[in-house]
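Worksheet: the structure to be examined is printed underneath.
By written order: A, B, C and D. Residues from 1 in each chain.
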């Protein structure tokens, strides 16, 4: 039982590393399966009206899907068997992720194939995508990363508040300018304030889709000014976060020598 | 009166923190209200021609809006009551913000509902969005942030001047190239120099909407060269600003005391 | 003559600062004039066929333009008068900029208004935009900035070479994939390798116009992989440049204490 | 033979530097040739059906192409001649690059001009683009760069894993929301999960093409939230990589010697 625990939960032994690689392959294969099933041209998703799969390829996908589900079920059962407190594990974050990665396949059996339940059925099937979270556990640096994000949560809240204030004011401004200047022709892309705020977020983060753009000359001038303002503004909290990260990295990798007494801190 | 001051202006006591959270909820609810009112599909904004609200939901929005306005009015009155110099507060930045967050609702009562005054009425109503600035006061780091921006104002002016020079020259260049090469077909997106400068700003900040793009091969080659140039160029002042911020952060947070001799480094 | 030199070339005295502000206003007004003239809706540019200006506003623009040109001419004459070596100044960078900012207006007088010379005339008139370079001289940090860019020229060349290699290979790859997979329908946006390289530059710098995008599923998968690769790749030289800048800033603003002898370096 | 080695492989002597510059010009000319050949308007590519080149310009391109190929062949032969272990060189990375930069031109001779072999022929011809890799060898910092990338490979894998998890979950979420909310009209841009993941990558790296955008209000709100989340998320590993680079640069360039006591800090 202890040996099993080492193989599954640790990556030190040869067997443990082999288990990790097999799991990695299974997870990635599973994500590829779920993704490709939704491409309509490939015709891999079972028709909700007919019971039979659409093509031979769809059958293979169905077989592979169940093979992976059974694999993840065995993994889940083994994990529950070899930990000291199975119940505690079952309700931990990783326990729930493990359950979520097998449950949808079984649940899908109980949902009848009908036009009505199509949305529910698909939602249930798509939940299998959470298997990707199993990847997270395998990363040794994951805890450090989560820790760094957690420690800079105050700065992130400040960042979000700054963005919220900037987005609300610039969004409202552009909404009023564009709709008034475009007049009764009603062709403005800024149809409402939520739409304008969406534009402001897309613009300030420099994503810039281009689905919402100013059409009037004055709108463009104000827009350009807002871009530059937003660009300068967004640097500030970004700088805070990366300075935080750098300083954290510096303190863990550099050993200072005190200039007063010459000893290492 | 002193107790009231502590509750409203400080966040140390339990009551003070409760007051802050209630205010936070009220501000965010208010912003959501103003935003959703402008979505045409929801039909929440009163028709300027008819006196009656369009739907039951609109009535609820109207009630909630007045509830929040009265809440902010009481808050404003209490703030004026418990500060030592009410007049000085009334003309301070936060005093004006507090006034601006209640005035639009009252002003809207005096603007007659007519097709003519529609734009004025809406502008007045949208001024309520400045309530979002009340959020700013609640952030303890806001002063530090504003201070950091103020201290690096010279660098920001240099940044804006560099951008202005680059944008003017590259905008004019692209305008001339695209309009001459596209010939009399007049389908160039670069219809004027302000338009080209708007393109240059959108491009150099890597927003890249795509509403103005070069169409000729030579235009694309020059455009690509300008992107790379602008990309290298914009790194320079950005680097200045973030270096400024980092060094500021380092000096304020890294006043280490040597763990060996207890002296400051 | 020495007093005149101080007023024009230095910004220490009250008169010198006043001169600088007046010049700043004149430059920005001039740039606004040149830009607005090209907006077709405003009808400010003289018709090449008729001698008379189109509107009253156009006359005012014409008057203001000549007022500014005469102002810059006087400034140029005074600069030539008060420097020790007028010829040396005339052939220096700033001397040429000063000449370029007045010459186009005078040259435009000698170009006859005809449909044929329209392009030449406009090009000459647009040269006035180089007046914006006069702004550059007024920035005290301009020399430092130019120096920092000059010192990191090797890194910038490395950056450009890395980008050239990545852009060439990924552009060719996407061109081949998209055109082969799109088949004879010929609707691919990747019409040629220069077009694909333009796409690669626009993508890797995260500008992302969206005028050239992959249309096939395989094209999108490869494109996404290339974006991530390019994103990681472009961080490397960017990091080099900003590290260079930071270290330069650090050495000029921080005084190290030597840990061996305790003296300032 | 040793002199030849110095000229070709080293850049210390005048002749060696001249050789490098000549090679640089030849490589860039070659890339320009291959690129321009694919622009359909210029008509430079030989028609696959007729044997004769389309234009005089096409003949010149053909001549120049063979001139460069022979040049690169001589260079390859000389390199093989002057290295100590020719076979070892031939199978090294740079040996294969040298072979790849001449092979396609010779191979193209053996592929018959027919409509069927058009794709193969073009693929072979496009392989000449790998000549751009010869540029890489000429960069003295190339090894350092490759080394820095190699050393931070673990962080890059973490970065890719984080991106994969975020992209999978947000892509699936947006796919489900947009397709359900858009209903049976089927106009959603999120046609499948791979498409949604492509959107998520394009969005999170702030490329933002705009070919796939949310159309529903709820989709836009969730999208805006995901952008901000992704923006904050992507800062984390980016910060890791640039901190790694900075610290590496600091340790290699900042081995200061104290100016007071001459000891290394």
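What we mean here is this: contacts are C-beta pairs under 8 Å (C-beta built on N, C-alpha and C of every residue); 3 or more make two chains touch, one makes a residue touch a chain.
Just so you know, these numbers come straight off a predicted model, no measurement behind them.
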Select, from B-D and B-C, the pair of chains that is joined by more C-beta pairs in contact. B-C
Average the CA atoms of each chain to get its centre, and name the chain whose centre is farthest from that of chain A. C
In steps of 5 degrees, what rotation angle do you get fitting chain A onto chain B on the CA atoms? 90
Comparing each of A-B, B-D or A-C with A-D, which pair has over half of its contact pairs in common by residue number? A-B
Same vs different contact residues, chain C with chain D, by half of numbers used: different
Hey, how far is the Cα centre of chain B from the one of chain C, in Å? 28
Taking each chain's centre as the mean of its CA atoms, chain B sits from chain D at a distance in Å of 39
Touching two or more other chains in chain A are residues 39, 194-195, 197, 206-210, 217, 238, 242, 246, 259
Help me check something: in the complex, which residues belonging to chain C touch chain A? 39, 41, 206-210, 217, 257-259, 262
Within their complex, state which residues of chain C touch chain B. 31, 34-40, 119, 122-123, 126, 129-130, 132-133, 135-136, 139, 141, 145, 148-149, 156, 159-160, 163, 194-195, 197-198, 201-202, 205-211, 238, 241-242, 245-246, 249-250, 253-254
Give every residue of chain C touching chain D within the complex, in rising order. 154-155, 158, 161-162, 164-165, 168-169, 172, 175-176, 180, 191-195, 197, 203, 206-210, 213, 217, 220-221, 223-224, 227-228, 231-232, 235-240, 242-244, 246-247, 256, 258-261, 263-265
